[in-house]
Each structure stands twice: as C-alpha cells, then as structure tokens.
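Two complexes come next, and they have one chain in common, chain A, joined by chain B in the first and chain C in the second.
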Partner chain A sequence: MTLTAERGLRLLRPRIRRPDAWLGIIVVLLGWEAAGHVLTDSYVVAAPSQILLYLANEWQLMLRALWVTLGNATAGFVLGNLAALVLAALASAWPRSERVVTGLALIVFCLPLVATGPILRVFFGPGNGPQIVLAALAVYYTTLIPLLVGLRAAPDSWFDLVRSYGRGRFSALVHVRAMAALPYLFTGLQIAAPAAFLGAMVGEFTGSERGMGVLTIRALRALDVEMTWALATVATAVAILAYLLIGALARRILLEDPPVILAMPTQAVGASAAWRDTGLVVLLVLLAWAGAIWLFDLNAFFAKGPIDVVEALFVDPDAAQTRAALGKALGETAMFLIPGYLAGLAAGAGLAMLLTLVPALSHTAMPLAIALRSVPIVTTAPLVVLLLGRGAIGTITLVAIMVFFPTLVACLHGLRQTPGQIFDVFDSFAAGPLTRLFRVRIPAMLPAFFAAARMAVPASVLAITVAEWLATGGGIGSLMALSASLSDYDMLWSSVVLVSVLSALGYALVAFVEQHVLTIYAPEQI
Partner chain B sequence: MTHTPLSRRNFLTAGAAVAGVSALGFKPTLVQAQTTVSLQLSWLHSSQFAGSYIALNRGWWTEAGLEVSLLPGGPNAPVEPPVVSGTALVGISAADYTAAAVAEGAPFKILGVAMQKNPFVIASLPANPVNEPADLVGKRIGMALANTPVLQALCSLNGVDINGIDIVPTQYSAQPLLAGEVDCLLCWETDLPVAMTMQGVDNLTMLMADHGYSVHSQTYIATEDTLANRRAELVALMSGEVRGWEAYRADTDAAAALTLEMYPDAGLDLETQKLQAARQVPLMFSDLTDANGFGWWTDETVAANIETLALLGRTVTPDLWDRSILEEVHAA
Partner chain C sequence: MPPDRTPPPEIVCTGLGKTFQGGTEAVQALDLTFESGQTTALVGPSGCGKSTLLRMIAGLEEPSSGSVSIGGAAPLETRKRAGLSVAFQDPSLLPWRSVHGNIALALKLARKPVDSHSIDQLIQLVGLDGFADARPAELSGGMRQRAAIARALATRPGLLLLDEPFGAVDELTRQQLAQDLPRIWEAQGTTTILVTHSVSEAVLLSDRVIVLSPRPARIVTDIPIVLPRPRTQEMARDRTAADLIEQVFSALSDSKSEAEKPLAAQ
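Our next item is the complex of A and B:
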C-alpha cells in the first residue's frame, strides 16, 4: 500500500490516539455538560452525566428495546443490501436494463414513509414486518447507486483481458466488475447502517409494542429529556459502531490501489432510448401499483389506484381545492428543502476537501460528523427544531445534516480514488497540496460526489417530510400525516405521487448536470 | 368488505388453513371453540387502555370464547385501515375521525363511547392562566396547525374571536409552554398536563368539553358488515370492555400497575400512569353512565355531537351511532 492510499484510508477511520484529538472531544463534551445544566428550565438538553445516570438506572429497558430495533434493522439491512446487489448485478449483466432498474428503484425509494408505513402495517398485520421492510427500503438505494458507479470503475484493458481469454460478460462481472465495485459497496454499506436503524425506528410508529422508536415517542411526550437524549445516544453509538465495523472490514479486504482508468467515453445513449426507458419505468410503476392493489385485495377506502389519483387531481368537484392544497404544501416544503440540500452538499464536499488538506482535523471532525448523522432524525428533528427554532434555520439545518454525511463519506471515498501514479507525476513537479487538490483530487472525486448528490435528493425529501411531520407541522410532510389521520386517502396518495415524481425529477436534474460535468472530468465513468 | 366470502386474500388463506387442518385430521367445522379477534388501539400501550388490559388479564374474553389481541397504535398508525380491511374487528377512534372516514366512504358505526367528555384541554401555567375561553384572547397558543378547526369550534361555541389568538405551530410537547414560547397549549387532559405535573410544574387545564365542545372520544368503531354478521363476537368483545372498565374505575392504581406489568417494554413510569389513569375517570364516567352503564349515549349527547361536528365541517346523522350491541351487553 502506498503512503497516499494509507493516508486516504485513515480519513475514514476516526482513530483517537493523539492527545489533541482527545482534547477536541473533551472540549465538546464539557460544553455539552455545561449546556445541559444551564438550560435545565428549557427542557431541551440533557447533560452527558445525566444521560449516563439514566442509562445506569434503565439499562435493562434500553437493552431490550435496542435488541428489538437492532434485530429489525439488521434484517432490513441484509435484505435491502441483498436487493441492491441483485439489482446491480442485473443492471450490469444486462446494461440495457440499467436505467429501467434504477428508475424503478428510485421511485420506490422516493415513496414517503408517512404513507407507506400504515399500508405496510395493514399488509403485514401485527409484528415486525413494517419495521424490517422500512429498514430495507431505507438502505437498498444508497447501496445500489455507488455499486453501479463501482461496477464501471475498471479500466477497459481489464475487460480486454477477459475477452482475450474468450470469456463473456458474466466472467467480466465476477472477476473485474465485482472487484472494482468492492470499495464502492463498502461506502454504500457504511451509509446504510444508520439509515437501517432509522427505518426500523420509524416502522415502530405504525404500531409496535416495543423498541427504540416506541420509547422515543414516549420520552418526547413525557418531557423526559434524559430519556430522549439517552435513546439518541444509544442509537448513535450503535450506528457509529456499525460504521466503524464496516470500515474495519473494508480495510482488511481492500488492499489494492485504485487503478488508473484511461478509457474512451462510452457511447452516449440517444434521446429516444432515454424517453423509451422513462416511459417503460412509468408504465411498470403504474402496473405494479394497480396490480398490487388488485392482487392483495387492498380495500378501496385507503388503497387508491392511479385512476383514483387522476380523478382526485383533475375530475372530482374539489379537484381544484386538492391541487391548491398540494401546491401550497409543496411550496412551503421547497422553500426549506432546496437551501438545505445545497448547504448539505457544500458542507459535505467542503469538509472532505478540508480533511484531505489538514488530515489532523479528522480526529475530531470525523467522530462528530458520524455522530451527527447517526442520531436518528426521529429524535433529532424535534431537538434541532427546539434548539434552532421552528423557522427556516431549524428545518434547513435538519435537511443539511441528512445530506451532509453521505456526501462527506462519498467525497472522502472519491478523493481516495486518485491513482497513486498520478501523484508520482505531481511529486516530480513538486506540486503543492492545493494544486493536487484542484488538479487531481477534485476531478477524481466528482463521480462519487455526483452519486452522493443524486442519492441525497430522496434522502433530503425524507428528512424534510419527517421533520414537517414530527416537528414543524408545515409543508407536504404534515399534509400527508393530516390526510392519513382524517382518512383523506385521495389527498394522501396524490401527495405520494407528487413527492415521488418531483424527487425523481430532481434526481434527473442532478444526473443531467452530472453528465455534463463528467464529460469533461471523468469521461470513463459517465 | 370485512367479511367478503371470497376475496382473493381470504380465499388463499382459507384454502391454506383448510388444507393444513385437514392434514392434521380435524374437521374444519369443529375448530370453533375460540375465535381470534383483534382490537386496534389508537395509541401506544398505556393506562389509556387499561380497562381492556384488565379484561384480557382476568380472562373475561376467554370465558366468552374470544381470543382477543390488543394491537398497539402509534404516530403513524391510523385506526381506520385495519378495521376496514378486517385486520381488526373493532377499532378505538373518535367521533370526528370516524365522521371524516365515513365521509370518505368507510362504512363505520360507533358501537360505544369510552370517553363521554372530549379530552381536549387548554393547558396553561398559574401565573398566566386560561380559565375560560375568553381568557384566550391576546394569548399565544401552541398547537398543531391541523387542530385549528378544533380551536375555531371552541371560539364559535363561546363567542370568542379567533383572530385575537396568536396560533404558534408547535410539535406535541409541553416544552414550548415551559420555555415561555407560548402562553398555553391545546392538548389532551391526560398526557402533556400529566407530564408537567410529574416534572413538578404546577399547571391548570380548561376542559373544552365544559365549554360546549362535544365530541365523543375513544369510541369503538366497527364496519356495518361486522355489525350485521358478527354480532356475537362484538357482544362478547364489548361486554369484556364494559367489565374491564368498571373494574378500572374501582381501582385506577391497580389498573396502572397492571399496565406496567403487562407491557414492561413500553417505558412507562408507574406514578405517571397512576395519575393518567385517575385523570381519565371523570372523562369516562358520568351520571349518564352510572344510570345506563359504561359506553352509553343518549339522543341528547348525540345531538350535541352533531352540532359540534358541524362546526368542525363534518355533516353526520344520528345513525352514525348504533347502540344495539351495547343494549345487548347491558341487558345481559
């Protein structure tokens, strides 16, 4: 392993050895402790000592809840990632299917939790079904996208080698693509770990006897600040452990340097093929939607099909009112969503670059960054809103947090993908760190950055709808929750369709920008 | 829909069950000793439903040949879909939610009313109290925007101008009141005020039901189809409920203790549950229930409900309420 690669890998490993790293963390903890004692009357923050005391008293309850939620999260994590592997293999072995597969996967990923939860509960009945499925839904997409990028991250010469042995596409998949995709897979898995936990917790909101999500609701309602923070601490600790574990596994397995990829640009897909694939995705979604309602015999009272939604939006006497309500809610949501999304991207990419320039910072910054992201949004949403207010800043910050961490991880990984040989060239010219950053690392990072930016579209929509639903009470997230409680399922399904379509369009917009940027900087990975 | 003889899913499950049972050498017609049904609760397990826990714990349903499972609710668990789709025989709803669902085409009837008085209150602190609706003018009230029609109805009923009240959208928590962000909260008598009291914060509540806001809460709902075809099960379920809630009233502390015993993973605090259980009693029991039995209503209370529901934008008729099951239960 070269020195550069070694340094790159270390960025993902918040190993705390040096005294200055401890110092940073101790300062943070002391500040937190002080805040906990000063702000007692506002019922917002619990100090670390109070959290520890609570955990010492209630460790059995916490352990039982953790056991349940962790079990569901793990089952969902495994199922979701397996689904991602299968879909990625399918798209890779049969490239013409890729855009249809990713299109369908995107639409399913964009379905808002507020709406899918109750339907999964009716479908599965009592038990852990919804928790596991929501955990799986929360992870499969963030694994699929990096995987697809990784499956292309191999030099053409390797494929030539496979062909020269007279082997076909399958051998290329197993021997070249799978190996090239491994680093990307591990990145995806690291992002997936906290997401699975969040999915399992939100699943418990659909009616569960036990688990961390149940306790969180209880704690928030009971004004039990210690319990709320203790739950957030335990959930965060688990997510960080999972993150570190996957990171450690990755370091044991990934010993190769990233290869230099000097390939010809692949053939651009014609516009007509793109339209055909989009049409196919829409058709398949409509068929699956109507088909599922018919096959599982879902009651028309709450299961609305495509025709019902069209009627609700355009035919019914109150269609104009429905459209106006949706438009107003979407407008409110967009006002916070877009700044939050952009701020999260900028913060993620910016911190990744900063950590590359000043690696010493990563000792304090990485653990904090992981912690920040791992705190489940279910508990953070009300807390962030309490701390920063119900206005723009609180909501935008929440969205930014959700976007920031996957971007940071992806960008760090992208920055690492710089081939060592290129640095050798820059070494021979005695280029400074800034020159390296701008000339080598940033171009090498771009594919991963854009993959993160695409994934962040549905993630940010998830963040804002959860925040609106649980904390701020505005926008489309709150409209969906309200529609469900008032049995206005026409409105609920119309919202689901709009949110999914708009998320997919946002995704397509990012992909469009990506296409243009990568044509210049990384033509082999378009 | 609940009992469609040949719906696709039922057909498949029934087929599998018959195949399984025949394979074991039983005749399917004999497997009738215990009927399994579900009661869909409207929230997480707590002493809010302790009457049902008593019925379950003392085996009153089992005696009647009914195996009842109590399905917990939650923030993302609307009651209506499981009842409509037959997952639950009966659900715990409220008159306003039921009216909304019926307007959307759900064939629901209200079989019983657990909370005679609606639990909505305006909670405030003694230094800046809200004792009557007129006190709301000039105050900042923290509530979910979704509940604006509720506040509007209270104002209309009491001749208060809602424009004089500053509505601050907040999440469902007492924190904004304690932090001084608002002067009062729109919440339930049995949750946020209890939480404040347990935190040692003196507070007072103005029950909206005492100022004309008449909406039956914690109502038992079932579909018309269930009501027509599964009467025996409904009577058995409701008679267990009636017995359970009478026992609850007799000793709310024991009911709270049983709640913790049965649901140790719900993260409940015994003292909080005792207080919640006690504060629920005046909402559930009245002269009316003393005279006629738990869950009862009269034409007058239904008329008052219809009036308040109209203020909430819901048009309903008295036949939303069906007392035939309760009459059978209380006649026995």
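Our next item is the complex of A and C:
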C-alpha cells in the first residue's frame, strides 16, 4: 500500500469552525494594523486599513490587471492539466513507460521559471504566450503526480471483478480506474489552481505589458509599500479562493473530500532498470531540446542546443570564465538555499510533532495549514524581502516558508497514519504521550516527511531564484536575469541546464536517503 | 425469470498446480471434476490454497501446470461470454455506486440487458430491501457481502464461484441465505463451487464436500453429501447430516495432524 493510497481519509476541510480560531485571526489583523502604523516611515509594512484604502482607490487598475492575469492563468491551467491527463493516461495504458514519463515530467518541472520566462519571451515575442506556457508548466506536475497515484489507488479485487466478466483494460479504466482516480484528480487541481496564477505572474515579470506581475515589478521599483502589499493580498486571496472553489466543486461531485497527496511514492527497482530509465530520460530530453530548435528553425543567436552549451562550458575561449561565473553564483545560492531548505523542513516537522502533543490545536492548524499551503508564496516574495531585507535572513526565510507549509501538512497527515490499534497496545502498557510520539508517531510520519522533502527541492529552487531575481541581486537567479537582459544566451542556457540538473539530482538524493530510511522504518511502503 | 436452457457446465481440472514466484507451492497437481449442476464445497485449513484453486478455475490466476476446462472451453472464453461469476472474499463493491448500481454494473460488464425489476428482486432475495440506493459505506460488512452475492447471481452464470461469501454475515442471515441460495442456483441451473471455513455450511449447502490438505493443497477426502433437498437448518441435527459433518471434521483434523507430523518427529 502506498502512503497516499490509503482509503477512508478524514475530511480535511479548510474551514474555520472554532471561535478561538477567528479570535486568533482578529488578533493577528490588529497586530498587523498596529505595526503598519508604527512602522509607517520604514517602508516595510502596510496596515490592513491602508491596503483596503489603496484597493478602494485603485480598484479599476487592480481589476484590469487581475483580469489579464486570470485569463492567462486559466489558459495555462487548462493546457497544463490536459497535458497531465494525457501523460497519466499514457503511463496507465502502458505501465512500463511510467518511470520515463515521470522522469521527463520531473526534469521539465525543475526548469527554472526565472530563465525559461525570458527564453519564452524571445520565442513568443510580445503577448501572452510566455505567461500561458509558464502557468501550464507550473501546474502539469502538480496534477500528474496525484493522478498517477490515483490511477493505482484501486484495490486489485476490483480489477478481478472486471476480469471475471471477461473484460479488459479499457473497461477497467472506464469503470474502475477513472472513477477511483477522480478524488486524486481534484487534489491535483486544487493545488494547481493557485500554481497557475503564480506561473502567469512569473511570466509577466519577464516583460509583459499588463497584469499583476507587471504591477508587482512596478511597485517594487517605486518602493510603493502599499501597492506591493495590496498586490500580494489580492494574489493570496485569489489563490485561497481558487483552492476553496475547487474544493467545493469536489465536494459536490465526490462522496468524500479529496485525499491529501504529498508526492509520488518512490518505486524500488533494480539498479540496472533505474540506470536504463534515467539514461532514456536524458536521451529524450536532449532529443526534444535539439529537435525543438531544429523544428522551429530557431535563431542560433538566442536558441542554444546541447552542443552549444557543452561548447560554452568547456570549449569556447571564455569557457573558464563562464564556469567561474556559474560556480560563484551557484555557491551564493547554495549558501542561502540549503539552510533555508533545512530550516523549513525542521520547522514543518517540528511544529507538526508539537501539535500532536496538543491535539486540540491540531484540529485548527491542519485546515489552516492546508489552505496556506496553496498560497503562492513566491508572489509574496517582495513582501518578505521588504520585511526582512535583501540579505541572508530575508532569503533564507523565504525559502524556509516555501518548504515549511507543505512539510507541515505532510507531517500532520503522516502523524495521523498510525493505526489506532497500535495505540491501544501502547495504552495497555500505559505509555505516555512522548513515548507514543517517539516510538510510534515519528516512524509512522517518516514516509510523509520524505515525500514532502523531495517535492520541496524544486519548490525551494523556484523560491530562491525568484527572490534573487526580484530582490537580492545575487546568486544564480540574478545571474540568469542579468544574462537575459544582456542577451548572453550561452550563459542563460548553461544556467538553465545546471539548475535543472542540480534540482533533479537534489530530488534524487533525497529519494535515495528516503529509500534507505524507509527500508528500516516502513518496509511495507517500499 | 425464465430458466436458462443450456445445461450448466462440467468443470474439469487436469494436473492443475500453482507455484508462486519465490517457490511457495500453493496447489499440487490436482485432477478434479466438478459435475454439471452440482454444488461442491472446498474445505481446508486457512492458507491451504483453496482460494488460489478457485481463482485458477476462474482464470484470474494463471496455473503453473495443468489446465481447466469449463464445459470444454477455457476460463477466458467462459469469462468473455459471461459464463461465470465470482463472489470474492472481499465484497469488492465500488464505493461510488449504490447497491443497485453495483449489480447493474455487473450486467453491463457482462453485456447483458440491465433489468431494474430483476435487480430489485435479487436485492430482496438477499435481504437488502430498502437498501437498493444505499452506498457500500452505509452498509455493514455482512450486508456488503450479501450485495456481492446478489451481484454474482445477477448475470445468471453457468458457473458460480463463491469464495467464503458468508464470512461477515451474521448467523441468522447466514441460515436464511443457506436455505434460499441453493433454490436460486437450482432454478438458474448453475454449477457452484464454494470455498468455506464452516463445515456445517459445507455439508448443508452442497452435493459434495472436498477436504483439502494444508499447503500445498491436495485432496484428502471427497465426501458425497446425500441429503434430500430442500435442506433446512433442522437437518443439521439429523443423524445422517451430523454423521457427515463429523466425517468432514475428522478428515480435516487428520490432514492437519498428518502435516504436523514431520515437525513433531524432530
């Protein structure tokens, strides 16, 4: 049984039912309001009342921008999800292709939006092309993974039933798999909707004429605190609304709430199969890359193929300089990325454990955390930088926040996976809450924790590159932005390759550790 | 419901064996014939390979050796013309369909017309009246199993395979079903193979009880059950029936102690 396929999941509704939770929100708002007024001159915080006032005055501007961004996000959402459906159907109809399909999907997911944005901008020229493509790229993976899990979620006996009437794969797909996967599809769509909005905004950062992303850049340049906060507030509100809307739709259609999906469970395969599939993925990526340049007959000045990148890195006269620049930038990025990533994981897992010791709190925390997980953290990057500065603390915090929410949700979910009977056994020995935590809950939580840790790798890379690009001016994100504006396409393509490969390797490294830990703690999940 | 005119099939297993990957031998080269229209019960200790045998007959499990013929046809052929149904140990109802919807799905899969009226009759027969529109999650374990039995009967198959279908059914309903079901499969004309743990159920339901040894499954005894039909619960207390039950019990415990001998000898 995979960690995500368990049935009878508890209802996880992002609704706040308790009066104390409302009280908490009111206290936070009041504190925010006070901070806004006290820190008026420091260009850091805008109070809720100032944000509302701004929105009331500039509602036409905001609405126009929102409308543009929503349109692009919707187009990307539809395209990205269609791609996910096709890929999942392929993997389901032809199971041997699944590892290659997910491998390719992961590589494409690891492409740094910061660099693919400018490349797409050159490719598409002015217009909405890059925004839509980036929105599609941001969502297809978040839908594909739950869908693949869902297509495998049905118990074997349901397929035996179909077979016992002499029917084949197609009937099984229509009558069993598709229906069983539906809740998982909704889970994916729920996370995809805010992600599409984020993708469209990042696309607009790359030099569009209209939209929320354009306004964000303008506000940041002008140090317009109220406008920055107002934009982040609108983006957050849209994300939460989209999340709730799809959740409500799911509840109308489904019998139960969508399950919590954390990540694709890793599959243990032989070393030779793993190498073969990895080789195949690399080969296909190279073919698609070179093929696209040839097929679209792209300008050699801007479109660099695999051979160009190898030459830029190793053959050209300035290859050593290129390598040095990349190395320096990657080093700067790693300095902030790794502490932020680890801090986010530790904070997420730590808070989840703490909450299980205070069960009353966890009932309120879980729906809140799930809802907040959907917020496109990156769109609030300008705020974090405003609040914490352009240095180490601001960047590390942003990465940590990006990692924190998914980890918290995953760990809270994982901590609940312990079967009740095991606790009955511990209760019969009168074991205290700490013994239960360390002996039962944490081992039961590990699979979920690692699943979150894996998915957090590309997410944290996205966060740090956007922050570097928009705010800090250091690291690989800034290098990519600079190369794009200087039309140094050798450098830009080399960065894309390096960042994608390193993200995928980071993901693989976490998966490797995961395999080893799970062999000991949760052998049934391998 | 007009009775089906084609006679129920005879099932012939020839040298039928199954060894799983990793070397576990579940069933050892069995030669076994299930006669047309008869009800045969397979009893044996848990994990002896009864279910594997049943799944091989349905063609859901590929045998490692030997073959199965269902009225001269291969299992796959029989399945393709909806000639058999299986009531699985786990009721395997689709959670998003009602009881009625689950039964209708079986008819759809079997490419047979969906007749709402006869579905309702079946639902009534297994004692689920009033629950036609209920979803599996709203039913108790026993009720789900009864729904699964109704689904297996719905396609009026020539061969009915029941894998411990009464496991979670309460004692009273069990007795009621034990009286009603044989009437249906007699009327429909089916060959029935029933895997069960309950010796008295095996004796009261079937025309023949086959006792299997612990894994790998071999035939220990083959006991014809000569009791008049319709059978009633009272019969269990009759001399003849009680003797038969006793006979099956002692065959079971013999086979078990025989299997444990080598261990005891060490």
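One rule holds for everything that comes next: the second predicted complex is superposed on the first by the 391 of 526 C-alpha atoms of A that agree within 3 Å, B and C clash if a C-alpha of one lies under 4 Å from a C-alpha of the other, contacts with A are read in each partner's own complex, and residues count from 1 in each chain.
We take it that a contact is a pair of C-beta atoms (placed from the backbone, for glycine too) under 8 Å apart; a residue touches a chain by one contact, two chains touch by 3 or more.
If you're wondering where the values come from, they're calculated on a predicted model, not measured in any experiment.
Visitor: For the three-chain model obtained by superposing on chain A, do chain B and chain C clash or fit?
Guide: With chain A aligned, chain B clears chain C, so fit.
Visitor: Counting only touches as set out at the top, which of chain B and chain C does A:Pro339 meet: first, second, both, neither?
Guide: neither
Visitor: Going by the contact rule set out at the top, does A:Val176 touch chain B (first), chain C (second), both, or neither?
Guide: Only chain C is touched by A:Val176; chain B is not.
Visitor: Does the superposition put A:Pro48 against chain B (first), chain C (second), both, or neither?
Guide: neither
Visitor: By the touch definition at the top of the document, which applies to A:Tyr165: first (chain B), second (chain C), both, or neither?
Guide: second
Visitor: Does chain A have more residues touched by chain B or by chain C?
Guide: B
Visitor: Check the residue A:Val114 against both partner chains and state whether it touches chain B (first), chain C (second), both, or neither.
Guide: first
Visitor: First (chain B), second (chain C), both or neither: which does A:Ser157 touch?
Guide: second
Visitor: With the superposition applied, I'd like the minimum CA-CA separation between chain B and chain C in Å.
Guide: Minimum C-alpha separation, chain B to chain C: 48 Å.
Visitor: Under the contact definition given at the top, report the residues of chain A touching chain B in one complex and chain C in the other.
Guide: After superposing on chain A, no chain A residue contacts both chain B and chain C.
Visitor: Quick check: in the complex, which residue numbers of chain B touch chain A?
Guide: 1, 7-10, 38, 40, 44-45, 69, 71-78, 80-82, 84-85, 87, 97, 100-101, 103-106, 144-146, 168-175, 178-179, 191-192, 195-196, 198-199, 263-269, 272
Visitor: Touching residues of chain A toward chain C in the complex: what are they?
Guide: Chain A reaches chain C through residues 155, 157-158, 160-167, 171, 175-176, 179, 255.
Visitor: Can you tell me which positions in chain C touch chain A when the two form their complex?
Guide: 55, 58, 60, 76, 78-82, 84-86, 88, 90, 92, 94-96, 105-106, 108-110, 135, 137, 155
Visitor: State the interface residues of chain A toward chain B in the complex, per the touch definition above.
Guide: For chain A paired with chain B, touching residues are 41-44, 61, 64-65, 68, 113-114, 117-119, 121-122, 125-126, 202, 204-211, 214-215, 217-224, 227, 295-302, 382, 385-386, 390, 470-474, 478, 481-482, 484-490.
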